[in-house]
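Pasting a structure below so you can have a look.
Labels A, B, C and D are assigned to the chains in the order they are written; within every chain, residues are numbered from 1.
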Amino acid sequence: MDKRLSVTLSGWKLDNPVIPASGTFGFGYEFAQFYDINELGSIATKGTTKEARFGNPTPRIAECDRGMINAVGLQNPGIDEVIQTEFKKLKEVYHKKVVANISGFALEEYVECAKKMDKEDIVGILEINISCPNVKHGGMSFGTDPKIAAEITKAVKAVTTKPVYIKLSPNVTDIVEIAKAVEEAGADGICMINTLLGARFDLKTGKPIIANIMGGFSGPAIKPIALRMVYQVYKAVRIPIIGIGGIATAEDVIEMMIAGATAIQVGAENCRNPYACKEIIDNLPILMDKLGIEKLEDIIGRAHQ
Amino acid sequence: MKSIQTYKILQNEPLTQNVYKMILEGDTSWVTNPGQFINITIDTEYLKRPISLCDYDDSTLTIIYKVVGAGTSWMAKQEVGKEIEVLVGLGNGFTPQQSKHALLVGGGVGVPPLYRLCKDLIEKGVEVEVVLGFNTKSECFYENEFKLLGASVTVCTVDGSYGTKGFVSEVIQGDLKNYPYYSCGPLPMLKAVFDASNTQGQLSFEERMGCGFGACMGCSCKTLTGYKRICVEGPVMKSEEILWTKD
Amino acid sequence: MDKRLSVTLSGWKLDNPVIPASGTFGFGYEFAQFYDINELGSIATKGTTKEARFGNPTPRIAECDRGMINAVGLQNPGIDEVIQTEFKKLKEVYHKKVVANISGFALEEYVECAKKMDKEDIVGILEINISCPNVKHGGMSFGTDPKIAAEITKAVKAVTTKPVYIKLSPNVTDIVEIAKAVEEAGADGICMINTLLGARFDLKTGKPIIANIMGGFSGPAIKPIALRMVYQVYKAVRIPIIGIGGIATAEDVIEMMIAGATAIQVGAENCRNPYACKEIIDNLPILMDKLGIEKLEDIIGRAHQ
Amino acid sequence: MKSIQTYKILQNEPLTQNVYKMILEGDTSWVTNPGQFINITIDTEYLKRPISLCDYDDSTLTIIYKVVGAGTSWMAKQEVGKEIEVLVGLGNGFTPQQSKHALLVGGGVGVPPLYRLCKDLIEKGVEVEVVLGFNTKSECFYENEFKLLGASVTVCTVDGSYGTKGFVSEVIQGDLKNYPYYSCGPLPMLKAVFDASNTQGQLSFEERMGCGFGACMGCSCKTLTGYKRICVEGPVMKSEEILWTKD
């Protein structure tokens, strides 16, 4: 472990800023067969809801140029099962804290999930997903309205002592406005961005490839949009940002931190390459030497200096 | 064990106009069952491409694939000697059952995974009836290979240009309806086989995949025994767990 | 010329649906050295403003994964010079009508430009850019407010008999709302999408690559977003859509038309390959044969059937 | 004439640790002036990469490039015999003037375009003074090549490890200040040359480009004679038109 890689999120010191993104890493233990997942900074666990959900019909996946669309729709076994079964399995192979991602279809659901997560030692940060484009009634629409976003933030903050990070949707006119609203409402940090709404069509049948028609588009293709948004939000808020969107290499991590991220998450790239996070962590010190970066923390928000 | 491995292409030749056979040299110690699959890195595309094992030995994997889009077109262009990156150890595969008879039904590129299964069943002393379905004569492949294993083979073509005219399900008559079956092919074919048989079987499914190793939930399906991921708990499902009612 | 490629926009019959997008094809004549530009469906000319503009400081270009960011900032010699000099040069090598793109910083400017364009025979469609992310005070902000978008549409419609197509910004929460507003205000068609706001940073210096910090991101990377938006808007309006965003191949044209476009524009791809539009037009009939498409017009909006 | 052409790599060798010389075989009939440039298609990157001509004859182009990022790294890896796609016929280039003396000042990879210019000037009977600037000894290249053309050459290194210690502008003293000059290199060097000289010259500029052929307005600059595109009206500008005031 290289001390130069360490970053701090709301008092929690991570060995490195590399966190697999929610939904692309299951509950983590699937990856233990590829490498020691304790090398990761942390793990953002699959979006969890109050009740078990199957999610959307298949096909749920469409390939794109340097990216993919997913319309999984928050498949998960429900919060009780997540805590009892999934976290337990994860703890057998992983000894750090997680970023626990929760979703809901009503304010009360977020609150109930937050209450339950609050009791779990394994939870280092509560990541509140108000930006899932793949579920009707809720999800993304919470993330496009600053007032509702702030309400959810307040309600969750009221029932937990864990740091609360709000995960923002990029499918908005003004992401800064929403970031400011959740900061004001007490958010401890911001995770951004979730997927962009996208679609693909089958040339032969003329039908949408995704059963749900649209889904969340992510991967290296969306990186310039994520970088722009992180840059804008860093300028406007004082709470830390976990930068997400198109990260696939150590270079991408540095660029995202320069834009303003304190840590980063890797999403789609885990799907195409199960070793993605490990490779990034291994390459970071080499790249830092090349660029003359002493400590990663030094470059957070450097573009703003 | 799942892992990313490098394989060297030993052979890459067309069997029909669009269907290629590729032999890959490298680690095969991970294989546990016929019907497992691998996920091939395509230099020009974002996601990997899942292809079933057709056969394997101590140092080679054989796959048969149809050129349908960008990824398989790229595969068809790769030359012997080239090394490719493959995610291996994927899927449950078929569980060859001890029984007197067995019925194997394959359609199109659903045929290849049945080849090694047929070999294993015959080795166990099972008498194997193979039914292979294709659209037309020019698309047929592997009839002879199955015969050489010692199986009894019926080929059907939709247009009747070779073998029996019609769908594979029409051949499943008499005793065949009572043989434990193993099937791989397009969804309507699987359903027809399921409907035609009076007994239990194993069916191999396809789905668009994000990861292929269980992380993304892209390939989920509902079964009588809960939600399953085609890439981990599948691609092979038992007929008893499938949410179908017989037509 | 292959009759199967022909499409119709507000009564104007184009030989094919392929139109180079505004800003990526100059005033057209630069491309005459590469091929006969009369093969094109039409040409969307460089964004024109009332006065001459130099645009933004350089660097104005940043490369991205399967795309680029530009922050040209509407450099153009002003409408009078465009009509007198640029259109004149274009007419020497090109004998069809153009899609004349105009921009403004105030409602009056759009009106004035529209009045002048209205008198030009070469103008087949007036493309009103209310979505340029590269200029302060105006441009994109017009395109994010349905009320202002409708006002500009009405004002322009009042001074011209040419078909008026409004070019929409993708940097919004709800593009359907804006599309409906401009349709209601009398727009004859919609062009979508303009570029997405993006940024890149230099790893060595930590500075933004674009002098203006942010710019418009486009190219194949953004295609899934453009497809989704065209699909959504086709569902909601009855006026024709010119689909724009990431088009680089004949396959992309078919996919965009399936989503709902009547014609398409090719942007960034012209920069990386001056022959892009010609290659697309040449490949279209071959691809149509392969897919069994008799006439291109048959597939417009096919995903909605 | 601008067009896309295919060229075959005849040579691709390092001159220093990071600077490579590449010889390309193909059409050269489009070349009109030294200092023009080509735009090279990089298989792995979206945009093409602009590189100046160092030299040319009836069937070959020579370029010299420094490996700085993804595109030039890709170029360095291409093997002899490989064919690459290049957009050619770009830029105005230098206009070699008849005069008794000429001063050529190049810095780093600004040196290559001066090579053919030097050749052309000497052919015209001009006495050429060449000043080449590099950071350090190990980065120096082409001193001897210029000497072989018959030019008088001074090399400067910033760290003094070879030749004269310091910046090229420090060498521009005495008579040299009155020679018509031609310069290519980093912006601060161009400005220093502009400041040091008492007469007129031609300066070659760089800018990030979208298209490289005049369509996108990505590379514009303001001059005393209006807005210019570095890729069409440039990369070479006359000192008289530049918006600089002498320091």
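Rule of thumb we're sticking to: a contact is a pair of C-beta atoms (placed from the backbone, for glycine too) under 8 Å apart; a residue touches a chain by one contact, two chains touch by 3 or more.
Protein names from UniProt, one per chain: A, C = Dihydroorotate dehydrogenase; B, D = Dihydroorotate dehydrogenase B (NAD(+)), electron transfer subunit.
These figures come from a predicted structure and were not determined experimentally.
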Touching both chain A and chain B (chains): none
Skipping chain A entirely, trace which chains still reach each other through touch and list those groups. B | C, D
For chain A and chain D, let me know how many angstrom lie between their CA-based centres, rounded off. 47
Take the average of all CA coordinates in chain A, do the same for chain C, and state the distance between these two points in whole angstrom. 34
Distance between chain C and chain D based on Cα centroids, please, to the nearest Å. 36
Can you list the chain A residues in contact with two or more other chains? 62, 64-67
Where chain D touches two or more other chains simultaneously, the residues are none
Are the chains arranged, by touching, as a line, ring, star, complete graph, or other? line
Full set of chain pairs in contact is A-B, A-C, C-D
Complex interface listing, chain C residues touching chain A: 62, 64-67, 69, 144, 171-173, 196-201, 203-204, 206-208, 213-214, 217, 220-225, 227-228, 231, 246, 251, 254-255, 258-259, 291, 299, 302-303, 305
Show which residues of chain A lie in contact with chain B when the two form their complex. 23-26, 30-31, 33-34, 46, 54-55, 58-68, 70, 72, 75, 209, 219, 268, 270-275
What residues of chain B sit close enough to touch chain A in their complex? 1-4, 45-48, 87, 207-211, 213-222, 227
